[in-house]
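You will see subunit A twice below: alongside subunit B first, and alongside subunit C after that.
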Partner chain A sequence: MPTVIVDGKEIEIGAHERLNCIEVARRAGVEIPHYCWHPGLSVVASCRMCLIETGTRDAATGKITMMPKLVPGCQTPAKDGTVIVTDTALVKDSRARVEEALLIDHPIDCSICDKAGECLLQDYHFEHGQAERRTDLNPFHSRRRDVGPTVTLFVDRCIMCTRCVRFTREVSGTSELMVVNRGSKEEISVFPGYPLDNKLSGNVVDLCPVGALGDKDFLYQQRVWFLKRESNVCGGCSAGCSIVTEHNQDTVYRLKPRENPHVNKWWICDDGRYGWHHLHDPARLLSAGRLVSSNDDREAVEWSDVTTRLRQELSGAGRLAVAVSPMLTIEEAWMLCAVARSIDQQAALFVGHVPVSGEDESFPGGFTIRAEKCPNRRGVEAVVALFQSEERSWSDLVAAVGAGEFDSAWITAGYPHAWIDDTTAAPFGRLRALVVQDLFESPLSKLATWRLPAAGFAERAGTWVNAAHRAQVFAAAVRAPAGVWPEGRLYWNMLGRRGLYDPAAVRRQIAESSATLAALGGEIPAVGVDLRIDQIASS
Partner chain B sequence: MTTFQPVLLEAVGVAGSHTLASYRSRGGYAPLERLLKEKQPADVIELVKSSGLRGRGGAGFPTGLKWTFLPKDHPGPIYLCINADESEPGTFNNRILMEDDPHQVIEGIILSAYATRATTAYLYLRYEYPQSWDRLQGAIDEAYAAGLLGKNIQGSGFSLDLYLHRGAAAYICGEETGLIESLEGKRAWPRIKPPFPAIEGLFRKPTVVNNIETMACVAQIARRGVDWFRSIGVPADPNNPRDPGSYGPKLYCLSGHVERPGCYEAPLGITARQLIDGHGGGVWKGRKAKAVIPGGISMGLLTEAELDTPLDFAGPGKVGCLGLGTAAVVVIDETVSIVDFLHNSCRFFAHESCGQCTPCREGTAWSLRMLERIRAGKGRLKDLDLLAEIGNTMGMMPGSTICGLADGAAWPIKNAIKKFRGEFEDYIKRTNPSGWMVTDPVPALPIVGAH
Partner chain C sequence: MKPTDPAITWLEEKPLGLTERLYLPLFLQGLSTTARHMVSRKVTVNYPEVRPTVGNPLIYRGVHRLNRDDAGRVKCVACFLCATACPAHCIDIVATESPWPDREKYPESFSIDELRCIFCGMCEEACPVDAIELTSLLDLTGKSREEMIFDKEKLLSVYDMTKDAEPMKSKTLAAGGMATFGSAPGSPAAAVGGHH
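== the complex of A and B ==
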């Protein structure tokens, strides 16, 4: 195995790994500061913050020869015998000088900057900068320039790392951003009439190491040190991007991508990034309602009563059909199927409505936005298959209800957007009992005898399986609004299980009973697990 | 020394010297035709290598050696780029060659392309040279018509297309990878190396970048032979195995405060004093020189006492200058304030820094800001230490930047502070009698005597 020496410590790397000095040092627990380098972008080595001393150790004699000058860690590949030294006076001086130089043109307006608290310039200055100011400063400006519908640029805060420019060239392939002017008068800008307007535009804000690029959606909403972070999975489409939900007091403020080499690398799309506003929409259903008369007159029912009354009513209502929404987690779907079968042993199970919009959209950097706008169709299909051999879809259900095959139905939905029209909903009005569980009022929920509120994506806990068969486990980031029981809690209670809803317990149970989902029985890493690989191994 | 007969400049002053007929009458293109017939490309590389020709663009890298870095038996295209983005202040030798003897340059280009197996060559011409553009384009057209460019040159089976490309007036385009980026239609930000252009250059293909004067030298080596070339100049230092010597004639651009400024051809190794007194007629108006720039502003300064330094590739480096550079000798007489000189130098580099690397982008601007303040009568002695620190830490040599522009910006600062510190101190104390000793940071000022 190739061995690299980082500050005197030997680190083994994989024989075929192509790593630079920053990556290897990180494995050794040494942080080499850097601005312009990003693992998802090309190397420009222009910020010069990652300058280190390097050398080589002769394999035969063990003699170490150092290079006379500093080299950028991002540009220097680490090979067998590479020696990396990051703590010499030369390196420290060079970092301090780069920090000093960057502050010459930086307005240091941290007190009014959204990035304060998660700013690399701040962090590195505390760690590597010098307390004394020696430079002549320009009078401060705070020029702000819109570069697109989602992103605004604070021109003077920029340190010209060009990560954003490279992102639009290499990942989104849209090339809106560019560098104008020269030398210390350089600025990031867009071509006149061509704003930064693409489906990945929000990523440039994450990439910006300082407060130059601001997300208009988040700007001045919350100080970042008040935010709590919960690992989550985006429910916007079947790509299932790993995200971090940042929230405070049960209010979501922004979503950020979470690095996952198997799914989304470092990026998420703008649809997903800004797709959390429905969580706090005042139009959300916030209580369980039982229809008492035909003109949509509803009584609010306490949740403790819902569990018993629902079971009673559905038991007496004849043949039951259940639509298992692809917005549900595997655990919720499994418990829903179990509840349905405990009410009616012949209950027919259908995979709920799968919203599709347009075509899959791929970008040059390898990122794909899926046309299927739900996170867990594969997971729900796998769960339903455990209970019923025949695979039946939402359109089968609509047809069967129209043909009068069923007397009652339980429709789970939870879609953030309008998903059903009056014509499709009409046949459901003839059922003796109709339970609809959804985020918002819809033509279908108007017909429901029981209208139950659903949870939003950040309020759920459990497992989703994306289009590439990768199962990712997540916890709820925020609590559901008062009056809403997330589906998992309701089903848990209806199954008569004790204590709080425990997705892990359900997951273990599913894994034991299913070959396709057996991989869920073990410890699941943050990047998820590919369900197909385990199947091949076990067959 | 004055007995040296110009070779590269032999056509200067000849009527119609830029035409093909004139060039042929002087024996031009005959060596090319002979070499194409008799020699293999490897032989031409060997010829140039054995001549000891070093690149005339500034860095002085051995030309033949550079060519051997190209991958052997490369299946795809190899490109030859000719750097005529002559933008070092004080330099104009390429312009003389392109305007007065373009065919000499083109012959060198064809020979170099043959040696490197390049079938496409790009000549990157600086924007401000309209006359060179006209003359070169005319000469290229003539060469195509005469079968010296294009398909199957003179029946040899070798083909070459030569394109003229006009830059947009930026100093950084003279850096070889900046030139390549600019040729590709991008912002001229020098590339990180490795990979070097010989492996991955223009359009990501192996590329050689050579200077105009180097091309003229190649043509002369082909015509007059290796022995002639090696008989001129300074032989390699036998005590220094890394010194490849300084052979051949060199075009020195003499300007500034001399009686007869101009482009003079002399053997490498002529001293600055011989050049100024012999060719230039001495410092003008009977004054004394205060300082002399040995090879373009980025090479630093020679003091009056250092004027006997030989201007070969090794000479200026021995007295603390960056090197020979483009051999543009600029004389600064005793009436010039060295503060003004350094201010002008800093202004140039702050304007021309491409802005890619932090130390150069901010360092050049900071040094300019300090010099503006010093000239505005608000200087402090501490500024000299800061300037020296910038000079010592900015550049490719300490490893803090990608390209050598920063070294070029640092050297005048470094040399001026080191060699003329007394004058700076006197100036600061005289102009800022109340504040020269202050060491606190300078507060933000709305206007600091910018002009």
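== the complex of A and C ==
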């Protein structure tokens, strides 16, 4: 095994791993500061912050020869016998000088900069910079330039790491951003008439190590140190990107990508990034309502009564059909099926409406936005298969209801966008009992005898299986609005289980009864598990 | 630090002498303090008929105010540092882009719950632009809880009311500190509080 020596500590790396000095040092617990290097982008070695001393150890004699000059850690591959030294006076002095040079041109407007608190310039200056500023050339104010519909550029805050430029060239493949002017007058800009307008544009804000690129959606909404972070999964499409939901007082403020090499690497698309606003839409359904037969009004029903009354009404209504929405988590879907079968032994289970929009969209950097706009079709299919051998889809359900095969139906939805039209919904009006569980009022929910509110993606807890069979487990980031019981809680109570809804307990139960989902029984890492690998192993 | 730490010097309490055991000298010492206060100048006043004098308004921590800049605009840049520093969580700010070309961010709304405030002065200390200050107004009354939540306009009006008697502290300190400070404390105090 190749051995690398980091500050006197020997680290073994894989024989075929291609790592640079920053990555190897990180394994040894040594953080080499860097601005321009990012694991997902090409190396330019332009910021000079990662300068370190390196050398080689002769394998035969064990003699170490050091390089006379500092080299950038990002550009220097680590191989067997590489010696990395990061704590000498030379290295420290170099870092302090880089910091000083960056600050000559930087407006110190941290107090109004949205990046303050998660800014690498702040962090590195605190750790490696000098206590005093020897020049004060620039005013407090930074020039601002509009570069696109989602992103704004604070020109003078930029440290010219060019991460954003490389991102648009290498990952999104759209090349909108560029460097204009030369030397100390260098600036990031766009060509007139070609703004930064692509589906991955928000990522440049995450990439920016300083406050130069600002997210218009988040600009001045909240200081970052007030935000609490919860690991989540994006519900925008079947790619199931790993995200972090940043929230405060049950209000979501922004979504950030969470590094997951198996799914989304470091990126998320703008549809997902800004796709949380429906959570706080005032039009959301916020209470359980039962149609009053005398007129078209709905009486609000206490949730504790919903659990009993719903069961009573459905068991008296005859043949039951249930649409299990692909927005539900595996645990919720499993409990829904269990509830349905406890009401009607013969209840027919259908996979709910799968919204599809356009085609899968791939980017040069290997990122794909899926056309299937729901996060858990595969998971729901696997759960329904546990209860019923025949696989039936939403269109089958619509046809069956039209043919009068059922007397009652329970439709779960929870889609952030309008998903059903009046014509499709019409046959459902003939049913004796119709339960609709959705985020917003729809043509279908207008016909419902029971209209129940659904939870949004950040309010759910459980497991989703993405298009590539990867199951990811997540907890709820925020509480559902007052008056809303998330599906998991309702089904848990309808099953007569005691205590709080515990997704892990349901998950274990599912794993025991299913070969497809057996992998869910164990400890699931933050990056999720591939359900197929476990099946191959067990077969 | 452990009790065995060599840096600790352990001292034995001295045994009581004859005078201490008699208690009489200490008794007289206590009585003399009482007697001295009987004849010395009184520090209590018949509030509210008589208003107390604030010794040094620069360090007194009374009602808050939001300062204005030279153009009469709110000085605050909505950096949230006061709200961050506030141990009582009584400051609520909504920030937005400013309508002025020379400023990037300003508070759309800024309110302080004076009932929740503990008047510790941390907000004033945290402020990087000397926008929030504590005045020497000491009597703060209101008829309802809502009235005691001071919004941006009210905090600015406190500044308008007190700016002559108490100039901005940054300016006072720059001009030579407390020595130049006028001795007119307490005068505008009665105007603040529940009368708005």
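In this section, the second predicted complex is superposed on the first by the 532 of 539 C-alpha atoms of A that agree within 3 Å, B and C clash if a C-alpha of one lies under 4 Å from a C-alpha of the other, contacts with A are read in each partner's own complex, and residues count from 1 in each chain.
Assume a contact is a pair of C-beta atoms (placed from the backbone, for glycine too) under 8 Å apart; a residue touches a chain by one contact, two chains touch by 3 or more.
In this text, all values refer to a predicted model and were calculated from it rather than measured experimentally.
> After the subunit A overlay, clash or fit between subunit B and subunit C?
fit
> Thinking of the overlay built on chain A, is A:112 touched by subunit B (first), by subunit C (second), by both, or by neither?
In the superposed model, A:112 contacts subunit C only, not subunit B.
> Just to be sure I read the superposition right, which of the two partners does A:101 touch: subunit B = first, subunit C = second, or both, or neither?
A:101: touches subunit B, not subunit C.
> Would you mind checking which one, subunit B or subunit C, touches more residues on subunit A?
B
> Which partner does A:142 contact after superposing on A: first (subunit B), second (subunit C), both, neither?
Second partner only.
> For the overlaid structures, how many degrees, to the nearest 10, lie between subunit B and subunit C at the C-alpha centre of subunit A?
Given the fit on chain A C-alpha atoms, the answer is 90 degrees.
> Which of the two partners, first being subunit B and second being subunit C, lies in contact with A:223: first, second, both, or neither?
Second partner only, subunit C.
> How many Å separate the nearest C-alpha atoms of subunit B and subunit C in the overlaid structures?
In the combined three-chain model, subunit B comes within 16 Å of subunit C at the C-alpha level.
> Touching subunit B and also subunit C: which subunit A residues?
No residue sits in both footprints.
> With touch defined as at the start, can you tell me which subunit C residues reach subunit A in the complex?
77-81, 84, 95-97, 102-105, 128-129
> Report the residues of subunit A in contact with subunit B in the complex, numbered from low to high.
Residue list for subunit A touching subunit B: 43-49, 51, 69-72, 75, 93-94, 97-98, 101-102, 104-105, 132-140, 159-160, 178-179, 181-186.
> Hey, which residues of subunit B end up touching subunit A in the complex?
Residue list for subunit B touching subunit A: 170, 187, 189, 192, 350-359, 361-366, 369-370, 373, 386, 393, 397-402, 441-446, 448.
> If we count contacts the way the header does, which residues on subunit A are in touch with subunit C in the complex?
Interface residues on the subunit A side: 109, 111-112, 141-142, 144, 219-221, 223, 225-226.
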